[in-house]
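Two complexes are shown next, each including chain A; its partner changes from chain B in the first to chain C in the second.
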Partner chain A sequence: MTLDVLAAGILSGGLYALIGLGISLVFGVLGLMNLAHGELVIAGAYLASLLVVDSGWDPLLALPLAMAGVALIAYPLQRYLLTPLLRGDKSAPLVGTFGLSLLAQALFQGVFGTHPKSLPASYADSGISVLGLRIQTIYLIAFALTTVLCAATHLVLTRTRAGSAVRAASADPATAAVLGINVSTVYAMTFAGAAALAAAGGVLTGVAQSFTPTSGLPLLLTGMAVMALAGIGSVGGVLLAGIALGVLQSASVQLFGGGMRDVVVYLAFFLVLAVRPQGLFRKAATG
Partner chain B sequence: MIRSTSRRIHALGAAALLAATAGCAGNASSSSGGKNDDGGPIVIGTSISLSGTTVLNQIRDGYLLAVQKVNAEGGLEVGGKKRKVELKVLDNRSDTNTMVQQVRSLALTDHVVGLLGSCCQQNIDMQGQADALKVPLVMGALPVELLPKGKGYTWDSFQSLADGAKDFYTVAAGAKTDKKTLIVTNNDAQGISTGKLWGATGKKAGFTIAATKAVPTGTTDFSDVIKAGKSSHAQVLIAAMAPPDCFAMWKQMKALAYKPKVAVGVQCAQTPGWGSLGKLGDGTLVQLNWSDTAGLPETNLIVSKYGKKYTNLTDLGSVALGLHEATILLDAIKSAGSTDADAINKALAKSTTVSAQGPVKFVDNKSVTPTFIGQWEGGAIKQVWPAKGGSPLASLTGLG
Partner chain C sequence: MNRLDAETTPHAGGGDADVSSPPGAEPRTAASSATLRGTSPGAPLQVRGLAKRFGGVTALDGVDLSVASGEAVAVIGPNGAGKSTLLKLISGVHRPTEGEVWLGKQRLDRMPVHRITRTGVALAHQVPRPFHGLTVRDNVRIGAMAGRPHLHSDGIDEILAQCRLDIKASRPADSLRVLDLKRLEVARALATRPRLLMFDEVAAGLVGRELDEAIDLIRQVHAQGITVLLVEHIERVVRELVDRVLVLNWGRPMAEGAPAEIAANEEVRAVYLGDGDETRTPAARRAATPTASDAAVVLALESVSAGYGDMLALRDFSVRVQAGQIVTVLGANGAGKSTLCATIMGAVEARSGSVHALGQDITGMATHHRARLGIAHCQEGRRIFTGLTVAENLMLGAPLALARDEVRGRMERVHAIFPVLAERADQPAGTMSGGQQQMLAVGRALMADPQVLICDEISLGLAPVAIDALYRALAEINSQGVAIVLVEQNVKRALGIADHAVVLSRGRVSYSGSPEALLSDQALDAAYFGTADAASAAGSSPPPVPSAPHPLSASEGDLS
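== the complex of A and B ==
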């Protein structure tokens, strides 16, 4: 494998990790497979586009607002719709998030139209040379931001009272409730936090690539692949899994051509599920 | 809690039912039903994708424009008296199974005398239904080479892929390049055949195909493609991919300093969203089915009616396409002087309609419309080919 293939894989893996982090967080804490996660990613991109395309903001300045905006939308969804569904039939929340996914796509189409959009920025199509390698600046930024957000998530979960409450609610919601933890609020805060991370991924995706109302599904699949490789409950593992996925994709393109990219990735995905269902990095990192 | 959950599931179900009802209500855009031999309005219909992954509001608007135009003149003369035309529009939500059901419903319940198409693969799938139901179907948005041989009830008036490729190379020959060409397509069957067609046409036009790459839809890392372009020194780029793929590739090409001198985004640069690339999109060539500067019939009508709603050439071109298709069908009903499906089908075979995309002459159920080459500049497309009505070719500044 050449150095540029490795670099491209590692850097694109940063973006994959950011998209996978939210799914992993929600599944790890709430036990909820959020099928609307891709739409939360795209919601971040569309919210940012209101500031970037319509008002001329830099996407990186719009990013925190998009994160906050999507988190504000996500909180009541979890608190008043999904958390009650979690207490019922196991399939109800899954169907609920699928319904939200379809609803969000229809809303995006109605409000923003169906044409692809992109978030313009000087670093979207610029490159820098590092050790003789040409690297797309936005992927470098995405990788750095993902690292920061992963570290922040890890610290919040392990070093704060809120993190303790999240871990308690995740381990045993009934006992946590007896101890005075408002589990419904913890769930909603976790979902909102995951949505904010998704929104960050959306803004970066919008800068590096493009987005449409139906772009969420492939992003959801990418996130699920990252989560499966990482294992549940490992923030550091998510970052490593994203990188592994990126490198695997780049290497497969180099070795077998573009046509085999997805085949190789999903083959690895199924192999990990079959051989090591707890994920590749569960023991390697704590979180 | 179980009761509460159950209530919420019911609420979700009710919401879904409401949404479905709203969707059905949206379909009833202009219809009172009625058979076509009772002296009431002549009913034609379409099952078209107005939601889901493909939204064809512009083509629908073109259909409506044609019907409004005919009705403003008192309707179509059939059986010695003028009758108004009613267009029944059903949204198939980008779903082929829904389309099949809707086409059958239009034919068997609404007794439409003719059908209008949707787009792309759906048009191919619709052909089988039209043939089976023996209802004439007029369509566009499907390159004539891709229309399978059917049983004679489907009529396709659209561009030829071969003409589009040939016209591009004519334009590219006018630019100063080494004629080395990189072709990138999606790796599905249509992408591969497009690559072969453009490769063969390029060779005939004196270009050298330096590299050919096929990538899956949804690719975001084009580093191997860019490497191939750079190492083969290809100065002409042909990218025939889904729009999001081209967006990612254009950004990556600029970042990794691959600088072709001529580039066309087949399919992908046609989207008005290309303008959101800003300066990066400037100079990219695009195939068009219509141009407001080409002197085509009905241009003033289209621009005056829809110029404010649709501000870009590709959207207005889709309105023109819808107007063109519907006019062909309405003219055939008029020529047949009857609402009999076979009489209309025979009239279609002899069609000499001149409409928004030029003159019609069907050979093997296909009538080729002209191809135009446009170029993105400052968020808008201007025609650069044919020279008549076009602007001079500018350089590819976005990637330069």
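== the complex of A and C ==
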């Protein structure tokens, strides 16, 4: 494996981590497998496209607005639709998110059409040389941003009182309520936070590649693979898992050609589930 | 924290004693009953220079102990003294930093955990850890699985009956309440057919007949010739079951001797037993409560009924609590006390009647709103967040919006009551000792700075000195006008501090009135069990036990 391949793998792994982080956060705190996560990612890309394609903004400027926009949509969805479902039947919330995913795809199609879109930027196709390695600029940016967002998420969860409220609500919602914590709000905030992370991933993806209303599914699967690798409950683990997946993928493309790219991802996913269901990077002590 | 430990994947070994010999016989020395069965089921235990350090915390340091085959020995000491650590080192849950453990001729401290269990060592844990998702019966069956010879299904039934779990055998273990979880720990340990059986505070929280039953159970185990090592804060259990006591303090042995000697030891009194008698006398309660008007009523329940499924755990309950008043709610386990607390907090819905608090009708209010209104609830069974640190747990007790300075101030007040919570601020709460976790649960409730404080068995698992500190704190908080609803098994303590007492019996009020009138054993017994015929023996603090047709513990589920 050449260093080029390794570097490309690591950098694209950053994006995977960002997408996996949201899924893992929602699953870890709410116990909900959000099948509409891929659509939240794509929603971020489409929202940004309104500013970038139509008004000529730079995608990086549109990024915070896309994050806020998707979070604002996600909050009431969780608070008034998914949280009530969580109280009922176990499969109801899962089916609910699947329904949301289909609905979102239909909406994207109706509003934006089925033509592939992308977010034009000067750094979309440019490359730079670092230590003699050719690197696509957008992946470098994406990687840096992911690291920042992962670090921020980690700090919020472990260093703030709101963060410990989230962890408390995740560990024992009944006791959290006795302590005056509004668990429904915590859930909705967590979901909104995860949606914002997804949207950030969406904008970066949109710069790197083109997207269509149905691009969400492979992103969801990638995110799930990251979560399976990482295990629940560690932000650092998600970052490592994303990178591992990126390297694996870029190595397999190098070895077997582009057709095997996704096969390798899913194989890794199943292997990890079979061998280490608690995830590769999970500390034994957590939980 | 679902690690698989020795006790949870046990392999039995040891003698062929029938674990479920009939009750009644109570020889103190096991020799007779053991030899009757041929081989000696027990095994001698030798502990030499045992030490354990967790990072910077020295939990145990230089402990020697030898227990003869078939002997029963108790280990006592303040919270965090290292008692549970000692038992866990023997059973292989933790590995010693220094020292050796021998069972008969076998050295345990280097054996893999499953082999230690197979050698015949079992531990009933202080903090129960059942297999989640399995029924009670399957939990016990796993204990019996590798027994040689296998404990057959009749044997399992007998153990279940012995531990009063027979009627709950097919329930999922997760649905059990604290008390039954402890019983399950004992049942699972018994099923491994041990030669050395260690009990870590299995009698905590028991009262009256239940306590007698627990003592009887341990006595039966001992009578079979099994070596017994016991950790317990309830003095009566120690006094009645063992001939020798080892006292630990800060991880080091402090005294060793007969129970009576230990009780008279000045040093032990100072660090462990305390001078609880003084605070325990009811006279200590000043008549501070103004016989106030209705305006001062901060909590009022009007004919409240509540339950689970088709069973009512609390029927037609009414009470009024004024600011600055302490109302104690007593009753056997399963009487409906915790249901009452949960109904006040909204965790259990009131089926009928109304709940008013602090000037509002809160009958249908969400739990977190009630908490924000100024009601704090220290729940039964601690319910601390084991994965969070001690400081994080405490901070969660205060409202999120509260300014940092105020949070810090409240924390300092809690630290003054329980200094260990300051020392261990950054330790994960789940690694604290049982008593330390209880202190944390109380401290977290106090962080809310409530106007109404609901305490559900908060002295459970605390050393006598720590209970002294806790009750002093309650009295002080109360003197500032906080109303307290005090659910207790420690009857004397509760009656000593309360203004008003209520006794529940199977969900109904069987007594409501002055605490003084309950101080006689007859009165208390009549209120607890609905009989007045038990004036006889057992003059100690828990009420004597009448022979009612049904054991209360097995009454209507485990809804204490």
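Just so it is clear, the second predicted complex is superposed on the first by the 283 of 287 C-alpha atoms of A that agree within 3 Å, B and C clash if a C-alpha of one lies under 4 Å from a C-alpha of the other, contacts with A are read in each partner's own complex, and residues count from 1 in each chain.
Basically, a contact is a pair of C-beta atoms (placed from the backbone, for glycine too) under 8 Å apart; a residue touches a chain by one contact, two chains touch by 3 or more.
Computed from a predicted structure; not experimentally measured.
**Q** Judging by the criteria at the top, classify the pair chain B and chain C on chain A as clash or fit.
**A** On the shared chain A, the partners fit.
**Q** Applying the document's definition of touch, where does A:G258 land relative to chain B and chain C: first, second, both, or neither?
**A** first
**Q** Using the superposition on chain A described above, determine whether A:L140 touches chain B (first), chain C (second), both, or neither.
**A** A:L140 contacts neither chain B nor chain C.
**Q** Here's one for you: vertex at chain A, rays to chain B and chain C, all C-alpha centres; what's the angle to the nearest 10 degrees?
**A** If I round to tens, I get 140 degrees.
**Q** By the touch definition at the top of the document, which applies to A:S210: first (chain B), second (chain C), both, or neither?
**A** first
**Q** Considering only the touch criterion stated at the top, classify A:S126 as touching first (chain B), second (chain C), both, or neither.
**A** Touch partner of A:S126: chain B, not chain C.
**Q** For A:P218, select first, second, both or neither according to whether it touches chain B, chain C, the two together, or no partner.
**A** It touches chain B, and chain C stays clear.
**Q** Based on the superposed arrangement, let me know which partner A:A177 touches: chain B (first), chain C (second), both, or neither?
**A** second
**Q** Of the two partner chains, chain B (first) and chain C (second), which one does A:R161 touch, if any: first, second, both, or neither?
**A** The second partner, chain C, only.
**Q** Return the chain, chain B or chain C, that is in touch with more residues of chain A.
**A** Here the partner covering more residues of chain A is B.
**Q** With both complexes placed on chain A, how many Å separate the closest C-alpha atoms of chain B and chain C?
**A** 12
**Q** Check chain A for residues that touch chain B in one structure and chain C in the other, and list them.
**A** none
**Q** Quick check: in the complex, which residue numbers of chain A touch chain C?
**A** Checking each residue of chain A against chain C gives 161-162, 164-165, 167-168, 171-172, 174-183, 284-287.
**Q** Considering the complex alone, what residue numbers of chain C touch chain A?
**A** On the chain C side, the touching residues are 1-3, 345, 347, 366-368, 371-372, 377, 379, 383, 385-388, 392, 395-397, 399-400, 428, 444, 448.
**Q** List the residues on chain B that touch chain A in their complex, please.
**A** So the residues of chain B touching chain A come out as 1-2, 4-6, 8-9, 12, 15-16, 19, 51, 53-55, 187, 213-216, 218-221, 223-225, 243-244, 247-248, 250-252, 254-257, 271-273, 276-278, 280.
**Q** Considering only the defined contacts, which chain A positions touch chain B in the complex?
**A** 4-5, 8, 12, 53, 81, 84-85, 87-89, 92, 95-96, 99, 103, 106, 109, 113-118, 120, 124-127, 134-138, 208-212, 214-215, 218, 249-250, 253-254, 257-259, 261-262
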